[in-house]
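Following: one structure in structure tokens, then a few remarks.
By letter and in written order, the chains are A, B and C; residue numbering begins at 1 in each of them.
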Amino acid sequence: MSSPAALSPADSGPVETRGRCPLLLLAGSAVAWLALASVLALISGIQLHDPAFLGGCPILTHGRVQALAETAFVYGWIANAGLALVLWILARLGGEPLRAANWVAAGATFWNLGILLALVGIASGEATAIPLLELPRDVQPLLLAAYGAVALGGVLAWTGRRRDVMYASHWYAVAALFLFPWLLSIAQVTLLWFPVRGTLQAVVAGWYAQGLWTLWMAPLALAVAYYVVPKSTGRSIASYDFASLGFWCLLFVGAWTGGRHLIGGPVPAWISTIAIVAAATLLFHYAIIWLNLRGSGGLGGVPLQFIRFGLLAYVLGGLLDALTAIRGVAEVTQFTHFDEAQQELAFYGAVSMLLLGGLYYALPRLTGRPWAYGGLVRAHFVLTAGAVAVRVVALGAAGLVQGTALNDAAVTFPEIAARTHTWLLLASAAQAVLLLGNLLLLVNFFKSALCPYYAAAVAAVRQTQGIAAEAPVR
Amino acid sequence: MKNGALLFLGLFAALGVSWAGIIIGSSDQFGALAPYYDAATDQTYPNGMAGVAARGQLVYRDLDCASCHTQQVRRLGFGSDQARGWGTRQSVARDYIYQPFPQLGQSRFGPDLTNFSAHSPIAVAPGGIYQLLYAGRGAMPAFAFLFETRRIVGEPSIHALHLGAGLEPPAGYELVPTPRAEALAAYLLSLSSPYDDYPEAMPPPAPKGEEAKK
Amino acid sequence: MNPPAGQDPTYQPAAVTDAELLAAHEKLLEKQPDDRAHYKLMPLGLLFFFSGLILFAATYLNRYSGHFDPSIYNENALPTKGGGEVKIDPIVLGKRLFNQSGACVTCHQPTGLGVVGTYPPLAGSEWVNGPEERVISILLYGLQGTVHVTGKSFNAAVMPSFGASGFGWSDDKIADVLTYVRQEWGNKGGPITADQVAAIRAKVGSRAAWSESDLLQIK
């Protein structure tokens, strides 16, 4: 099955012997969720400029479709891909085969089962209407337990590492593994099981949403970036001695941005002021990331292209975050499509592109053979990069138009809808292109990872039954 | 950084400090807000939600209406919320203490609903809310699945709706709202902030410099 | 090691092993021998940048956080010193009292015009705009019997007492509602203070409802 001749000598490692199955399970689920999330996001996007689209079906009413798309994207695609890559990186850096592989496989299965249950729940009306925590309440404990099982493999790989040194990917990966369960359990308890009173719920929800971004998604993506870049280019990280400063800055400052979306809201002013200050201070972290990872190689292969795009989007997103946190700017961009554009830039442009780069890098090592279709890999990059850029610009423009119109009391809502119509059409078209790219990835993944297994399984069965593989069929 | 234990403690501290600062700090300040007693009218504000309105909030939540509507009025000078007639003052935390799940919202593709029953012409017009939900309007989709078109058996139902030309059911059928639609309408009609004089909602006093100039 | 030219999109080869990666970065973190005897610009630049950010943060927090006060929702405001009673416009209070269900508006109507033949109007009423003591007395003790307002005669209803023998309103409430009524609907009477109400209450003590002729004695 594995053909070590195709892999370079720098790649040989015992890691993949035990870790292959569960990690491929995670990666495959991720790719499938990405495709589904793209479909749902397309429906949701079309409904923004054409409200009657599929609106008759209660499952596909706009609010629910948006919750479905967000859940599938964050807890389906990003979680699975992030965990797969981070576990793989920790195991490789540890130098040992993946421990607790059975736990990881079981955890992955139950995580994806839980997400499926969550989506069914949202479609039938159990969504919590909390941004980034739309998962129905009763599914969340299952997800926590499953996450714990998966994270166990990563934690054991970290504690049992051969060389007692830690690299930047270690810090970010361990941070992501540990912080997510704490974030999710606190949010769950204070919002859903024993809800706190009044707008305190909004504060907790904001703390969770920003924590999810800065303490979980960004570390997952950065762990991948810090690993793939030096491995591919052969050059050490520039100014590596500052990398730990960037790490601690993200961790300590990141969670304080919780009040980011409560500017002018029904909470005391200090909450949003601290968030604005934190968003500005976080610029230090982005500066260090830029310093460390900007030299991601000249032409580079496709994984490096993904990673370079992702890093650019990450730093740009950080700048935009600090800019739109300023109250004068927030007055225009708050509650508009601009927030959506920022989220697209962060979740898709930054984290997803970094994870995709990692996926394109890691899969050949997991399966032992290269990707099946090189053309599809290139096409995926071109389509995704172009579509994300177009989408961010279109949604941003729509948001600015909407924001300035909202601030003028004379402009009615039908008028606002008319003004933003073209930009939203453009954004939907770009979303359709994204969907196409992700379908290409799905096809490529299926051919690369699953077909060899199928062929090998067939060969094994034939062998046990004493049928020679080359025997012609009469 | 070599020390694994130090990393772990650092992670814990990072999360713990932000949790303590933001959540515990906020909880201390307004986690146990009580209603405000107004001596002039001998009443406390805000008032609790009626049961059917609380159920309606669950319908609002399940359809995720907050994905297009906000329920927070911003202060004067920050956007045009008050100029649009959405409220007469900035919303404060005390407005939401009797709502089981405040739906503050994060996007405004439709108007703000904080004072919907007090300020919106739709709320005042008879059957206005049902017409809005059944037919949609502008960028708001139709929620026809919240209604039921059923054959008239015997007498027409007293709950049957007559929403105007173009929306009438076929002959022999009647259009009735489902219990969810009724709860949602009750919730929307309960949305208002009747009291303007909470101490924290008072406009800030003019700076001393301006008074000295006068 | 340079990556090979002509990248194969199906496979990105690794240029170093994991062990080499870890070792190289470990070495970077060790103390470097000072091979060049001048400052490295980088840490200085980062230090300035970070200091600048902290300066911004501190200034912004000081200016816009309302000193972390829980009752400051407007970031431009500062907590009021002394925490005294917030003064609400008595006309606003008075209007609220007037419009309370079961109070004035029920009979005298929101337009202040009353009901023809039953409840006298307040708009343009000589009783409302007349001597302060007179109108305060009406509220404190009530009025019964025939009364002539704006040339018309009213006999059908009794004006209840809002003082101790009736609704039990405080001096502040009576003063506020009278202040409101005396400037609304074109009325030009001046404001009434709670002290004036208290003075009359103390002077008269308790009594039955006024009649028109007794009231006209008050100047």
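Basically, contacts are C-beta pairs under 8 Å (C-beta built on N, C-alpha and C of every residue); 3 or more make two chains touch, one makes a residue touch a chain.
Being a predicted model, the structure only gives us computed values, none of them experimental.
Peer 1: Name the chain with the Cα centroid closest to the overall protein Cα centroid.
Peer 2: B
Peer 1: If you tally contacting C-beta pairs, which comes out ahead, A-C or B-C? Let me know.
Peer 2: Most C-beta pairs in contact, of the two: A-C.
Peer 1: Taking each chain's centre as the mean of its CA atoms, how far is subunit A from subunit B in angstrom?
Peer 2: Once rounded, the distance between the two centres reads 31 Å.
Peer 1: In whole angstrom, how far does the Cα centroid of subunit B sit from the Cα centroid of subunit C?
Peer 2: Computed value for the inter-centroid distance: 20 Å.
Peer 1: What whole-number Å value describes the gap between the mean CA coordinates of subunit A and subunit C?
Peer 2: 45
Peer 1: Using the touch definition from the top, which residues of subunit C touch two or more other chains?
Peer 2: 68, 70-74, 77
Peer 1: Among all residues of subunit B, which ones touch two or more of the remaining chains?
Peer 2: Residue numbers touching two or more other chains: 29-30, 75, 90, 92.
Peer 1: Can you list every residue of subunit A that touches 2 or more other chains, as numbers and ranges?
Peer 2: 165, 266-268, 274, 327
Peer 1: Which residues of subunit B touch subunit A once you look at their complex with the stated criterion?
Peer 2: The contact residues of subunit B facing subunit A are 1-2, 4, 7-8, 10-11, 13-15, 17-19, 21-23, 26-27, 29-33, 60-68, 70, 72, 74-75, 78-80, 83-84, 90-97, 99-111, 136, 138-145.
Peer 1: How about subunit C: which of its residues touch subunit B in the complex?
Peer 2: Going through subunit C, the ones touching subunit B are 68, 70-74, 76-78, 80, 86, 88, 92-93, 96-97, 100, 170, 172-173, 176.
Peer 1: Sort out for me which residues of subunit B touch subunit C in the complex.
Peer 2: Those in contact with subunit C are residues 25, 29-30, 39-41, 75, 90, 92, 197, 199-205.
Peer 1: Considering only the defined contacts, which subunit A positions touch subunit B in the complex?
Peer 2: Counting only subunit A, the residues touching subunit B are 47-48, 51-52, 55-58, 61-64, 66-67, 125-129, 131, 134, 158-159, 164-166, 171, 174-175, 178-179, 182-183, 186, 190, 195-204, 207, 211, 215, 244, 248, 251-252, 254-256, 258-259, 261, 264-268, 271, 274, 327, 331, 334-337, 339-340, 402, 406-409, 413-414, 417.
Peer 1: Considering the complex alone, what residue numbers of subunit A touch subunit C?
Peer 2: Contacts found on subunit A: 6-11, 13, 92-93, 95, 163, 165, 167-168, 230-234, 236-237, 239-242, 245, 266-270, 272-274, 276-277, 280-281, 283-284, 287-288, 291, 297, 299-304, 327, 360-361, 364, 370-375, 377-378.
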